[in-house]
Every structure is written in structure tokens, then in C-alpha cells.
Amino acid sequence: MSQNNEFLYSAEIQLRVRYSETDQMGYCYYGNYAQYFEVGRVEALRELGMSYKIVEEKGYMLPVSSYNVKYISPAYYDDLLTITTKIIDLKGVRLYFSYDITNEKGQLVSTADTTLVFVDKKTMRPTTPPEDFVSLIFSKK
Amino acid sequence: MSQNNEFLYSAEIQLRVRYSETDQMGYCYYGNYAQYFEVGRVEALRELGMSYKIVEEKGYMLPVSSYNVKYISPAYYDDLLTITTKIIDLKGVRLYFSYDITNEKGQLVSTADTTLVFVDKKTMRPTTPPEDFVSLIFSKK
Amino acid sequence: MSQNNEFLYSAEIQLRVRYSETDQMGYCYYGNYAQYFEVGRVEALRELGMSYKIVEEKGYMLPVSSYNVKYISPAYYDDLLTITTKIIDLKGVRLYFSYDITNEKGQLVSTADTTLVFVDKKTMRPTTPPEDFVSLIFSKK
Amino acid sequence: MSQNNEFLYSAEIQLRVRYSETDQMGYCYYGNYAQYFEVGRVEALRELGMSYKIVEEKGYMLPVSSYNVKYISPAYYDDLLTITTKIIDLKGVRLYFSYDITNEKGQLVSTADTTLVFVDKKTMRPTTPPEDFVSLIFSKK
């Protein structure tokens, strides 16, 4: 998925590795990247025109159903990382993202992909996304 | 508060410092102790006879309104820590806890106290706790 | 990898979902599973006969180079989860694990696999593991 | 400490509450504020002229020895928070900070203070800070 060159939308953010996110190896702990990718997709959706907060207020939630990540170079404390988030596709109830992270030296730190599922907050069952979300997601292709 | 020798109930648990909880200093990150104290009070309430999960199912939540902690000796990766949790008092809407953490060598790692407030999940306003909780909390004195 | 039925060693642990690990969806946050798998492999190595702490004291570290996880049923606050960790293989500098998580009802919550790389703490370069580790890992097959 | 109107330096940053930082109450988990204050003091030191990363590279570390926090109004997912960090004093081996957090509506979310201790990374014993740090910290008064 992350090698896919076709995507619906792409957005870039920057964030710094916090001290709390390091471990005694002196690396950013491997479990903390999930938060970075979450921030990446949240900001991609905001930039696209519908924040994730609004998606929840409309009665949906978007749990992650699958997540694959490769750790290529370590990220260190205080590194200013660039997270590039690509919205790959929306098919039925599933929304596909891919990501890469680079550091200030331009080194590739990580690549990843996630699959998210639209869930109705009342029924807690998978559901198709709202019309305006669908329109928006395909509007920038 | 944590010097107070009077308390309503006391309980002990053990947990190990996870790798994710260390930082590049090689210490357990200072922010992670809050989780340990949370586990301490959750298990104290379960042992006393009403799990925090049940408290929430009854329509209450217990956010923390104040938290004070002293870091005395560092906690390290894989240390097996003993958390002693004391329920100090229940006054009106407020529930007071104090804690200490010791390591396997018997060294004092940390002392802390927290104040929690009973909140009604519907109104999101402070409220007195349910009768059965009040009875329980004073039953072991 | 996680479908692989052959493995070198298998170990089971139980842990409870902490309040800190939930998110406002009411689920255990997807990023926190990485910690659970870390606890799973740490305890598997300890049970096998060489704790990860000892591995580090011998001059090695074991960063994760790849991690794939499927979220099948949500894990909720206070759920008592069973993590089954399988050591799949050791090839050159790489150590392969797979995992599954089930809840108290016996439902499958998650499956995952990770690849870890032996790194020399002095040179910070990949290196073959120490002899005694290699012997141990193949001893229980 | 946090009511003290005298301070050596003050700096402001903004950050957003991440989804990972919420809990099932729908609040930012009380333990995550420690990370926000860490980011606040790190950026205050950077703005003042010596990043914490540089402090560590000079052979020092700055563990927290005491931390007190009041939770006044909840912080919610996606809230853009303003963290004001004040360097209160440097006395011997101890560096004192106070903090407050406000939300976009101007509501006070939290106040806190921390005491940090200069530690020599080689001896792991408390030590006076380097001369250039001392000069810098008193330079803006």
C-alpha cells in the first residue's frame, strides 16, 4: 500500500519528538509512531475540509482496523520530523491512508499504512461514510 | 496529605516498569507515574468491593482535580514496583487518595496524593457519590 | 507470519487495559497495543531463561524494524486480556515474533507480528546475537 | 509557587490535544499534562537560548523531583491549548518552573509547578549547572 503512487490527497505536517516519547535506547519508542500517524491523518482531514472532530460530531467514529509500519532510521529526541500523509482510497466503509516520516537531514525514518473503518456511534456497526465526506474525499483528485 | 497516618482503606499492588515507560535518561518518565497511581486506586477500589468500572456503569465518573508527586529515587526498566494506595477520606463530592511506591530493594521511589471528584455523567456536574459507595468506603475503617 | 503454525517458543501473559490506555471512543487506543506486545515478548524471553534486561546488560539492544497489527474486536477499559507471544524464528540478526490477544469471553481482539534486530550498543550496528541467546532460543523447539 | 508573580523568564507555546491523549471520559487524561509541561519548558529553554538537548550534550540531565498540578476545566480532543511556562528561579542544583494552560475560549484549564534537579550524567549525582546556563537564566530578568 505504501508503495502506491496513486492517492486522493496528500498533506504534510511537522512535529518534534518529545522527551516522553523516547525510551532508554535513546530512540523514539516504536509504539509512539502510531500517535504521529494519527496526528498526520487528523491534520490531512482538517486541511481537506472536514476535521475528524466534525466527523465524530456527525455521529461516526473511525477506528483503525489494520496498521503496518517499517522503522527504517531511528528518530531521536528533539528531531523535527516531517509526516507526509496520503489518503489512498475510500471503498465502502474503509478509508486507506499511507504515511512516511523524514527527519531534518532528509533521511527516511519510517513508512506505514493504516486502514480505518467508518462506524456508526449509535449502532457501533460499520457504516458508509456521510455523503459530504465522500464528495470531499474525491474532490481533490 | 501523604504524611497522614489515618486512612479508610489501604491496598498494595505490584507492577513492572515497561520499556515504553522509560525515557532516554534511563529512568521511568515522570509523567508515567500517574498511570501507576491510577492502577493503584483502581485495584484498591476493586479489592474494597466496587470496581471503578462499576462506578462508571452506575452513572458517575471520577476525574482527578489535583495531583502532587515527589520523585525520590528513580524507577528503572523492569523494576518490580510495589504501589501502596491509601483511601484517605471521602468528604462531600471529593475522594482523597495517597500513594507510595517502593522498589525491590525496599527503597522509597515516590510519594503522591490525588483528589478526585464525583461527577454525574449525564449533567457533567459534581455530585455526591451513590449510597452504596459511601457505605462501602467507610465500612473497613 | 502470524498464520505460521511453526514456532520456537510460546508464552502467555495476562494484563488489564488501564484507564490511561482508553480513548474517547471508549476503546483501547490502537497505538497502545505496541506496549502490550512488548510486555508479551519481554515476559516470553524471561520465561525462556534470558530477560531482555540481561540482553541489554550484555551489550545488545533489540529495536523493532517492522510491526504489523490487525484490530479484530475492540478491547475495553478493565478488560483482562491474554497475550500469547510466539518466538517464530531467529535468522542472522533478526528475531521474529507473532502475537495474538484474546479477551475474557475468548474473543480474538488482535493479531500481530514484529521483526526485531540485534544491535551492538557500542557500534550501534546490526550484529549477530550472543551464543548463549542463540542456544537458548533453539533449545525448547 | 504557581501564584508567584516574580519569575526569570516566561514563554508561550500552543499545542493540540491528540486523540491518543483522551480517555473514555472524553477528557485529556490527567497523566498526559506532564508531557505538555515538558514541551512547555523545553520550548522555553530553546527560546531563552539553550535547548534541553544541548544541556544533555553538555553532560547534564534534569530529572523532575516534584510536580504539583491542579485540573480546573477539562481539556478535550482537538482543543488548541496555550501553555505558559515561567522559569521561577534557579537555586543551587534546583530549577523551578510554573505553568498554566488555557483553552481557545480563554478558560483556565490547569496550573502546575515542577522542581527539576541538575544531575551529572557521569556520576549520576546532583550538581550545579554549567556557568553559561546560569548566566543565561538570569540574563532576561
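Lettered A, B, C and D in written order, each chain numbered from 1.
Keep in mind that, in the parts below, contacts are C-beta pairs under 8 Å (C-beta built on N, C-alpha and C of every residue); 3 or more make two chains touch, one makes a residue touch a chain.
Here the structure is a predicted model, which is why all the values come from computation and not from measurement.
Engineer: Would you kindly say which chain has the C-alpha centre located farthest from the C-alpha centre of subunit C?
Structural biologist: D
Engineer: By the contact definition above, name the pair with the higher C-beta contact count: B-C or A-C.
Structural biologist: Answer to which pair has more contacts is A-C.
Engineer: Which whole number of Å gives the spacing of the CA centres of subunit A and subunit B?
Structural biologist: 34
Engineer: Between subunit A and subunit C, what distance separates the C-alpha centroids? Give it in angstrom.
Structural biologist: 24
Engineer: Using Cα averages as centroids, what's the distance between subunit B and subunit C in whole Å?
Structural biologist: Whole-Å distance between the two chain centres: 28.
Engineer: Would you mind listing the residues of subunit C that make contact with two or more other chains?
Structural biologist: 19-20, 25, 29, 31, 34-35, 38, 77, in rising order.
Engineer: Mapping chain-to-chain touches, which pattern fits: line, ring, star, complete or other?
Structural biologist: complete
Engineer: Spell out the part of subunit C that touches subunit B in their complex, as residue ranges.
Structural biologist: These residues of subunit C touch subunit B: 16, 18-20, 34-35, 38-39, 42, 51-53, 77-78.
Engineer: Taking the complex as given, what residues does subunit D use to touch subunit B?
Structural biologist: It is residues 25, 27, 29-35, 38, 61, 63-71, 74 of subunit D that touch subunit B.
Engineer: Quick check: in the complex, which residue numbers of subunit C touch subunit D?
Structural biologist: Of all residues in subunit C, those touching subunit D are 19-20, 22-26, 29, 31, 77.
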